[in-house]
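Look for chain A in each of the two complexes below; its partner is chain B in the first and chain C in the second.
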Partner chain A sequence: MMELSLQHVIEELTLLRFETALIVGSLVLLTAGMLSKDEVTYKVLFSITLLISLFLADVRDIGTSTSGAISIDSLSGILKILFAFISLWIVFFHSTFRRYEHYFLLLSIVLGSSLMLSANHLLLFYIAIELTSLSSYLITGFSFSRKGYEAAIKYLLFGGVSSAIMIYGISILYGLSGSMLISDMVINVQAGPFYHVGMICLLGGLFFKVGLVPYHFWVPSTYQEAPTDAVAILSIVPKIAGFALLHRVLISFELLSDPIYRQVIAVLGIATVLMGTFGALRQDNIKRMIAYGAIAHSGLVLPTLLIQGEQGGLAFVWYVTIYAIMTMAIFMIASMYEDFGIKDVKDMKGIGIQFPVMGALTLLILVAQIGLPPTAGFTAKFYLFSSIWNEYQASGATIILIYLIVGLLSVVLALFYYLKIPFHSFLGTAESPYFGNFSIISRSVVTIFTIMVLWIFLSPEFLNKIAFNINFIGW
Partner chain B sequence: MMEAISPTYFVFLSLFIFCAGIAIIIIKRSAIFVLIGIELMLNAANLNLVYFSQYDPGMNGLMTSVFVVVLAAAEVAIALAILLNIFKHYKITDPDELTSLKN
Partner chain C sequence: MTDSLLTLIIFFPLLVTVVILFLPKDKDLLIKEIALGATAVQLILSVILFFSYDAALQPESWSNAFQFVERAKWISLYLGDYGWLQIDYFVGIDGISLLMICLSTFLLLVGVVASWNLNKNVKGYFILYLILSTSVVGCFAALDFFLFYVFFEFMLLPMFFLIGIWGGPRRGYASIKFFIYTLVGSLFILAVMIGLYLSVEDSSLTGQGQEVVHSFSLVNMMDGGYITDGILTPGTSIEFWGMNIRWVAFLLLMVGFAIKLPAVPVHTWLPDAHVEAPTAISVLLAGLLLKIGGYGFFRIAYGIFPDAAVNLTYPIAIFGMISIVYGGLTAMAQNDLKRMIAYSSVSHMGFILLGLASFNVQGAGGALFQMVSHGFISGALFILAGVIYDRTGDRGIANFSGLAKAMPVFTGFVVIFFFASLGLPGLSGFVGEFLVFLGALGSDYLPKWIGIVSISGIVISAAYYLWALQRMFFGKFWTREKVWEQTMYDLTGRELLLLIPLAILVVLLGVAPNIILGPVNNSIEFFVNQCFAQSQLYIAQ
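Right after this comes the complex of A and B.
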């Protein structure tokens, strides 16, 4: 048993300084919220917390704590910076009054997700996942409407069942290996029927977090009813963290060398892409349609986990970075239309003619979501599909080829549902002109995001340079 | 210590409790019963964790089970808060009757 001295505690706190800053910041926010009634205070504290943690994060800071419970690699360093950077834009959402608990819960989601990135101990793994999940359940109900509560209870019941199944799987794996450290478990374990039962239960909990097919039911109703700024965080931060954690589990337990697990994961991924794509075709509600699109995106990120070596890691980081940027932009646009009372595609008739700049920005972000040039969405999909193709040529597995074909098919079908929005807003005729205007702050932020999306397409060297400077340990 | 009792009994007992939890979730329709089912599943996992931790000098399983209990309580608190609000708006607690969110 390791003797824990003060020296060790300080050492671990240095490794976890990003998370420590988030914890301290969220507690300060909670206290200030009780004293102040002004939303600007909450927003300022929220962004100061994220800026301090962004300042403390360092990609080169990698290592394992003395107890082995926390292990930080360069991938988690990059993703933490991405989380803090993306969450900062939340303060620019134009919305009705938000309580301080709203911002506290958003910080908790970011905190839980960044702990998920560095968890190597199954207890920390479970606590991090539950911290993210419990905050997500609560924030889904923060629209304080009938439907919001309905979405929240459905999300909670699904999530509760899947996390109970996951902890049962963890208990079986613990019994078999006698250790809670993920990196130690595989050494002590003989693969047998019990091991596979435990493994499947554990993977199930992770699949719920990232919204893969048997566990995707919560996604559309949650995204439709939760407050739009919360959905923007929910669809980016915990999902990416879930994929990074899933990758750590797959690598640590050496599941990728087992052809059956590879096959099953690939089949689930294909089913996810198809479910998301065909589900989105039938939707009229804007946020629900984006939710099904996000399910399809989850299915498209999954194959990068099956590709070993630097290429898989590069495709993963590229895809999730661009996914984060364009998802944040699309939810900001959705919230701006919501200010006009527009929730359905059919209500948008002629709005693009009355506000041409807004219509053009919407069109560009949607083109990025589909994955067509001249946007960064194309670059991400290009990297993704070329790395899947290389994997097919290296392994010759038919399932990978099917995955590639289904992925390409989903891009074609994405044209039909995403372009419904510009179709109605440019070609429809409004019954009466829209009153009011879009908030100037939200408009400028969406413009910044659109420029980012175009600029990454035109000069991808910038992101490539970052990616090449980091060597992917353990991908 | 409990060395006298074979591990098989504990594994089967926890498996039985776990299956009972799943059965409750599938059969019963009320959200409260689903929460009870979740609680049973968590306690099945706890039984495993506590039993297996006697083979682990670090007692990690025992520690984990304490956290599982606390997190289960937190989850139920959130669930009841949401359910109270649902009951205020809809006058029902049956998740099957909540059908306003459909495609």
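Right after this comes the complex of A and C.
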């Protein structure tokens, strides 16, 4: 065991300056919240915190700190920037009054998720996950409705059990290896029945975080009932972090070279895609439908973890970046319709005719979600399917081919459910005209997102340049 | 000007869309006039294209088979260990695409005139219409697979809304069905497209550090610029369910385009879409969108996988034959005039499959001629069905009789186009079908009975057209509802304006098919010879 000195602490604090900025910012927000009752103050502090941390993020490949608990590389740096960038847009959600705790919890989720990206020590890893999870449980109840509390309690119960299982797995692995550092554990541990039990428990906890089948039950009710801006964060930030962490575990413990693990993970992924798409088909509630769509997206991100080599890493970064942008946009849109009192697809009859611009923006974002040109959603799916094809070409594994077929099938089915929205809003006729209008700020923000989605499709050079400079260590 | 003529033809309507976008909503007439102007300009440009096309060109390989080529780099993506991916804005035409572009621009103009009486949300309608026009023409001109695919997919959304918002009573169902069928087809195409670009390289480009540059260029794909161990490289040993993967890819493409064509048994979206679509959209659907399926066979399925095509002529011809006969028999059983025409389209599209399957110049030329002639004939037929529907709100064959007495001019046109469609010599429908039969019966790859059974398709189409003619137009004047009798006035000036040019073209092409066969003769010959030569080359590998 290495001696930890003050020097190490200082070293790690500089490495974790993104996270440190978030901690300081959230403490300031907490203090300000006690002094001020003005939501604008919270929003300003929230965005300043994120902006500062955005510029502090480290995109160099530094490797692990001296204590070995933290590792910093260009991939985690880029993902942290993505988290901060995408979370910033939360302040533009038009909604009822939000308490300062709301923004504090959102910051905690971002903090926990970025810690997950850098954790190389199982305890830090666990703390990061728990920080994210506890904040998520709480914020689910922040819609202050009966159903919201119900969803929060459900989420808490599921999450608690899965955390317990995960810590049990961690303790087994610790017992076998005598170390909490992932790098040491890999050297010390020997595969045996206990090792696999521990591993399966650990993976189970991670699967819960990213919402893979059969750990996806919390997703629909949480997404439906939690405040929409919180759902936007929940469906993007912790999920991407969970996938990056999952990949780190898979790679560090060399699980991907074990055909059984590969097979099982691929089967779970396929089941997730199918569960998400078929689940979404039956939904009428907009947010619930998006939730099932998000489950399907999880299933589509998963195969990138199985693809070894730079290609897999690139496909992962492309998919999650575009997923983040279009998911933020779709929740923004969902919250705008919520302001109109529209929660179900069937309530949207004729709204696209009355507000053609808004209808067209919604349509384009949905087209991106489905994955059709001319939107970034197509670029993401295209890159994904290309890398799966390649993986099939390289490995010849039938399961990969099935994954490709299921992925393509999911596009068709996505058309079925996402198209319900423009179908009703353009093809339906309203019983009475809608009163009021969409707020100008939200409309502009959705326009910006739509332009982003189109622009990435037409000219992906910018993202390509970023992706080109990432060093996919271990991928 | 000829340097960017194609780009101009493709994107001019899109440019006009931007103008319309900023016009106030209630200026209906102005918007219609602008749309008319836009499509007229497009037509004039494509006539210039037609006459400046060099018909004497005899290419040696696909790389110099195209004229009016424009190429610019669009997207370069880094693929990690697999090198680079290069997508170009790459357009150009040979005789096949030339005819399709001219047909498109003509029918698009016809469509604007046919929708002149529209009064529901005119602005939205013409914006979608012009977007559709860009994507259709773009599809026919694209020489980059990715570009083709983008245009191909981008057609779906405008069409979905054009049917879904301005359509008949069951428009919702019909538009969704159209969208989903076509999307399924296009996903097959997407899967093959990804497999293809991973196997094809553009050796003229080199990425940073001499990495492989994967290209989407259709020219490279047709000329066989494969990497050595690609998944779809000819001679690959990869099998899927006991079938060579190149055959599988070819079949996926065929299914994808057959849905668009449509061929039996994936044709069921067509009658629904046609019945519900407004007249102008039916014209475009039958005249253009179906042709994209046929064009896809020529350019992509046959052009890139000739080795699979030559081995699979038999099943393709059989599907063509089934489409011809089954489509005709189903048309005979319809009570709705528009539905009958829709099924007759299915039957006529079967000729394209049969012509291509015969793998000789007559067959391929016949298939191409059939695409053009069917574009004109079916367009006119849908306009004629629209005439009755506009006057009565009904299209039931059994609900009318003796219309010849009330509407003699209208009946005259119906007779011309019915006869053209059933293949009367002297009208354009005959030439295409005759060439296809020549091809099928003279083919080295097909047994004679397929051609012979297909000829019965002509008898069937004669039966349903003549029967419909006899029931609706001859005999005593009678309509199911008394009030309809007052509204059964003859053709208006606008309708005559639509039908006369179409009638002239149908007669002209029937009498002098060389007007269009002449300029494209070299292209067709090259297409067939090149397919044959490359199929031998690939099979030998």
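Heads up, the rule we're going with is that the second predicted complex is superposed on the first by the 473 of 475 C-alpha atoms of A that agree within 3 Å, B and C clash if a C-alpha of one lies under 4 Å from a C-alpha of the other, contacts with A are read in each partner's own complex, and residues count from 1 in each chain.
One rule holds for everything that comes next: contacts are C-beta pairs under 8 Å (C-beta built on N, C-alpha and C of every residue); 3 or more make two chains touch, one makes a residue touch a chain.
Being a predicted model, the structure only gives us computed values, none of them experimental.
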item	value
Touching partner for A:P373 - first (chain B), second (chain C), both, neither	second
Contacts of A:L408 with chain B and chain C, given as first, second, both or neither	second
Contacts of A:L123 with chain B and chain C, given as first, second, both or neither	first
First, second, both or neither for A:G141, with chain B first and chain C second	first
Which superposed partner A:I170 touches (first chain B, second chain C, both, neither)	first
First (chain B), second (chain C), both or neither touched by A:F423	second
Overlap of the chain B and chain C footprints on chain A, listed as residue numbers	none
Residues of chain A defined as touching chain B within the complex	1, 121-123, 126-127, 130, 134, 137-138, 141, 146-147, 149-154, 156-157, 160-161, 164-165, 167-168, 170-172, 174-175, 178-180, 220-221, 224-225, 279, 282-283, 288
In the complex, chain C residues that touch chain A	75-82, 85, 121, 124, 149-150, 153-154, 156-157, 161, 164-165, 171-172, 175-176, 179-180, 183-184, 187, 190-191, 194-195, 197-198, 230-231, 238, 240
Chain A to chain C touching residues, read off their complex	309-314, 353, 356, 363, 367, 372-374, 378, 382-383, 385-386, 389-390, 392-393, 396, 401, 404, 408, 411-412, 415-416, 419, 423, 426-427, 459-461, 464, 467-468, 472
Footprint of chain A on chain B - complex, ascending	11, 14, 18, 21, 25, 31, 34-35, 37-38, 41-42, 44-46, 48-49, 51-53, 55-58, 60-61, 63-64, 67-68, 71, 74-75, 78-79, 82-83, 85-86, 89-90, 95, 98, 100-101, 103
